[in-house]
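Below you'll find the structures, each written out as structure tokens.
In the two assemblies presented below, chain A is common to both, partnered first by chain B and then by chain C.
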Partner chain A sequence: MQNLKDLKEQIRKALPELDVVIGWTGGYDPLHATPHFIRRDEDIDKLQVNALCVHNLATYLPALRGKKVGIVVKGCDSRSVVELLQENLIDRAGVTIFGFGCNGVVDQTKIRRIVGDVGNIDSCEISGSDVTVSASGAEHKLPLGDVLADKCATCRYPNAVLSDHFAGEEVTTTATFEDGYKDVVEFEEKPVEEKFGFWLKEMDRCIRCYACRNACPLCVCRDHCVAQSRDPHWLSQEAHVRDKWMFQVIHAYHLAGRCTECGECQRACPVDIPILLFKKKMNKEIKEVFDYEAGIDPEATPPLMTFKTEEDKIRERKW
Partner chain B sequence: MAQTKFIKKESLSAWLEELGQDHEVLAPRFEGDSIIFRPYDSEKGFFIDREATAPPKKAIFPQSETLLEYSQIKDMENLSKIAMDVKETIPTTSYVVFGNRPCDARGFTMFDRVYLNGEKVDVYYKARRENTYFITLSCEKGEATCFCNAVGSGPSDPSGSDLLMTPVKDGYYIESVSKRGEELLKSSLLTDGSKMKAEADKYKKAANASMNKAPDFTGSPEKLLAVFDNGAFWEEMSDKCISCGACTYLCPTCYCFNITDEANGLKGTRIRSWDNCMSAQFTSEASGHNPRPAKANRLKNRVGHKFSYYPDLHGGVISCCGCGRCIKSCPVGVDIRQIVLSAIAYKPATKKEA
Partner chain C sequence: MPILEGKELRIVGFLCNWCSYGGADTAGVGRFKQPTDLRVIKVPCSGRIDPLFIVKTLMSGADGVLVSGCHPRDCHYTEGNFYARRRLEMLKRFLPIMGIDAKRFEYTWVSASEGQRWQEVVTKFTEQIHELGPAPKIAGADAEETLKLMEAAL
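Let's look at the complex of A and B:
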């Protein structure tokens, strides 16, 4: 990536004033990156920024409140940082934001679908429009467009919306709000029984690990989550799809108008349950009712954190 | 003497159908984009070309299991008096797990030392264990995340299995591993396999050779204890962990549980369900105190339990089968191998000259 050199320079300059800078580095094989906590100069050399850097590092910020933290963000990640600021879950003075313009990140599930066996990756090269994966001796040339995360194909904020340092060129985009919700509209049009059947089937394999919750930068109750609280005992601990599904509904409601659709919940799910759809549905409604999008303007207040006696678009009295 | 059989590839489904008459057969298949063990369904088939996303824990240690059912009976003469009707629910289903990998079957031998061979016998576990057969498939090659060869195992390790299948031309060579495994070999679909032994041995040898060099965990019990109180070490090791628990729920050797009463009016069930040391509630005490307040304390327990405390109690056996699922499915790529190796390599910083 063109801007990696600039980014490293910016981090090198800022590091002496910071406790840690969070970026990415190579993971357990050439197809995976992993979050990277930079504390020393030599850690900077290991920094990696490319389409494999899927993780939204903003997830780590609330727990690091009180420390001086640097964070490397893509456009979508920067929206989570903005949302955390809006909700006063982190301090502006405590975070140094290293932003860049992102050309999209891969969806590992899509790669797995095409390549099949990804257990033995020999190499992974990402050029402008291709990802070339060599696995178990066989080479697969994948058009980047086929393996990009869905959110990237319709991304309207590829550049960090807020940053202290910006590396490289800005990326342009022409995507519209509607582009991003075609899947939701399509799903809405299905008969109720079909939609219900879909979720019962998908949620049935949930293992209740709550990776979806813990990966979410805005899911901040974590250790005090209703899903596991013992007193009161809100949700049964049974492995019943009813309880699994109930949790996702709660998650989606708690994230309405706060979720920035970073997709981390779905990405983190070890059994590939398409739970982002829940969140997108809520956001589509929020946009319709409140004309609001999360994580764009640090000065704005999320709609569910305000109170107006008469909402502009909700007819409460004159039914 | 172990029995050796052969089955044609195309006869596998018929065999599973036969086994399904006396047992509930669990076989891996695609569900969405994941490979999950499910009751075998001839229409949906099975998929055994890769390690399953989640191990077949369901058969022996379900995500949640009923320990007892209760109902409260009010005394109509004296409403402050309530009688309890309690019914113990010992599981009776007999399972055949088909197409699991050697690591999956061996994983349960870690449970056995705790739930069967310890001071107390867990009756629920015992019932399931005795009623579950494993028909294991030898692995063709190791994956980047596999390290069974570092924990005393390998891609065709038979331990914990009842039968071991190894691919040969047009089918599978099947060896009985346990005496009771032989009960499953009565089918007329199986023919004598003794002639295929050499071919199967060759396959196994190639699989062994395909494994990455095993990380050397020698000394892990002491080395992990040596860094036990080193907060800075554990903080760094757990930097990227998000404390979710996916690693433990996908782990064939994790066996912790929670017990809750799930009431519904006057009736209810007492269930035990998976719990895990990565979650805050795991050690949360009634007083409100939590001895493992941060993710660093929790990850330390997970690694320590597997590579230090368990081996200390059980003759040096590492409580990890090297399946690699915790690495593969960790949302942030925490690698347990690296943590253990870091502890082994850890040297306290020598004081710098002023």
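Let's look at the complex of A and C:
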């Protein structure tokens, strides 16, 4: 990020008033960044902001309610913060938002697929348009465009939609809503049995680790998740493909009209199940019926938490 | 062997206590002829129906699910069915991406006095499900068994 210096300066100024500022720093190897909790001045120097900073840090906010928290956000992450505000899960006065314009983050799975063994990364350099990874003695120069997360290729909100401090220039984008849902439309056109078979096979791989749920900034039930509750008993504890699939539908449903498509669920999945597709499908329909997008307006009410006596787009079925 | 074996499909109906359950009762009292595939689950209000009940029902082996509540503006709890309408409409639009035919699920409004209408709704919905035939069932704990069955059926 070009204006890391400005961002650090903004954080330095605000820090005395805050309990913690959440950002990113270098992870366990040069290919990964990791969340970074800044409490002292010296922590600020370790702040890292680049295409490796994939985590949506908004996921920490609800648990830190009551504290004075600063948070560094990309465009997509900022929408999660807005959604949390909309739902009264955090307080506006309790969060200080450090926004910036994002040029996209990498998809580690794509890198892994090209580089192969990523167990031993020596270095990772990101220039304007390339990522150069040295792993196990070999050097790989990858065009950044090839390894960007899918969501970034069609991102319509690269700049923080809400911020108290904004570092650097705004990023411009030309992507439209339709661009972002081409994959959904394509998948929908498949025959119904093929889709059923596809999900059966995909869900079979699920190991019920719930990383998808834990990474989601809007999965706020945490210890009360229906996945583990015995009362009501929605799911058994068996590794049954039906339960695993059902869990994903539950996730999509509990996020209906709330999901901001940060993609954290799919990113966190250790077995690469394309679970974002369910959420995108729901969002596409939400947009069509209610002309609504989550996480844009802090004052708005998610459409499934309200109603209209006369709905504009829902037709009564004739029998 | 039960005489209806092979002729009936499994359809589950979620009916609200105040209108549609009453409507079904009216149909019964009026001795209107109805198909026998439907199994009714009475709920206090259509607003009580979590769309996930329907997903769970379909994933557990039902061939079709029918939801019926009070007409909009007639809800016993004033606004339960207004919330239901939004949720159920979303479900109807969501099912296809799972590989479940959207026609396996319908929602409608029937009042307690509309016995005749109830008869029509059940009859038409049952016909619709029979046209689609049995839904693919998730056979075993692993996907393999189900996929084999599906291949054999195609």
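Here is the rule we go by: the second predicted complex is superposed on the first by the 315 of 319 C-alpha atoms of A that agree within 3 Å, B and C clash if a C-alpha of one lies under 4 Å from a C-alpha of the other, contacts with A are read in each partner's own complex, and residues count from 1 in each chain.
One rule holds for everything that comes next: a contact is a pair of C-beta atoms (placed from the backbone, for glycine too) under 8 Å apart; a residue touches a chain by one contact, two chains touch by 3 or more.
As the structure is a prediction and not an experimental result, all values here were calculated from the model.
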| item | value |
| --- | --- |
| Superposition on chain A - do chain B and chain C clash or fit | fit |
| Which superposed partner A:E285 touches (first chain B, second chain C, both, neither) | second |
| Contacts of A:Y210 with chain B and chain C, given as first, second, both or neither | first |
| Partner chain in contact with A:G119 - chain B first, chain C second, else both or neither | first |
| Touched partner set for A:F307, first chain B, second chain C, both or neither | second |
| Contacts of A:F198 with chain B and chain C, given as first, second, both or neither | second |
| Contacts of A:V241 with chain B and chain C, given as first, second, both or neither | second |
| Touching partner for A:F37 - first (chain B), second (chain C), both, neither | first |
| Minimum C-alpha separation between chain B and chain C after superposing on chain A, in Å | 10 |
| Common interface residues of chain A - those touching chain B in one complex and chain C in the other | 238-240 |
| Chain A residues touching chain C - in the complex, by the definition given at the top | 184, 187-188, 192-201, 203-204, 234, 238-242, 245-246, 249-250, 252-253, 256, 277-278, 281-282, 285-286, 288-290, 303-304, 307-309, 311, 314, 316-317, 319 |
| Touch list for chain C against partner chain A, complex | 51-52, 55-56, 59-60, 72-73, 79, 82-83, 85-87, 89-90, 93-94, 96-101, 106-109, 117, 120-121, 124-125, 136, 138, 140-144, 146-147, 150, 154 |
| Contact set on chain B toward chain A in their complex | 31-34, 36, 49-51, 53-54, 62-64, 141-146, 236, 239-240, 242-246, 248-250, 258, 260, 262, 271, 273-274, 279-281, 284, 327, 329, 331-333, 335 |
| In the complex with chain B, residue positions of chain A that touch it | 27-29, 32-37, 55, 59-60, 109, 112-113, 117, 119-121, 136, 202, 205, 207-211, 213-215, 222-224, 228-230, 233, 236-240, 264, 267-268, 270-274 |
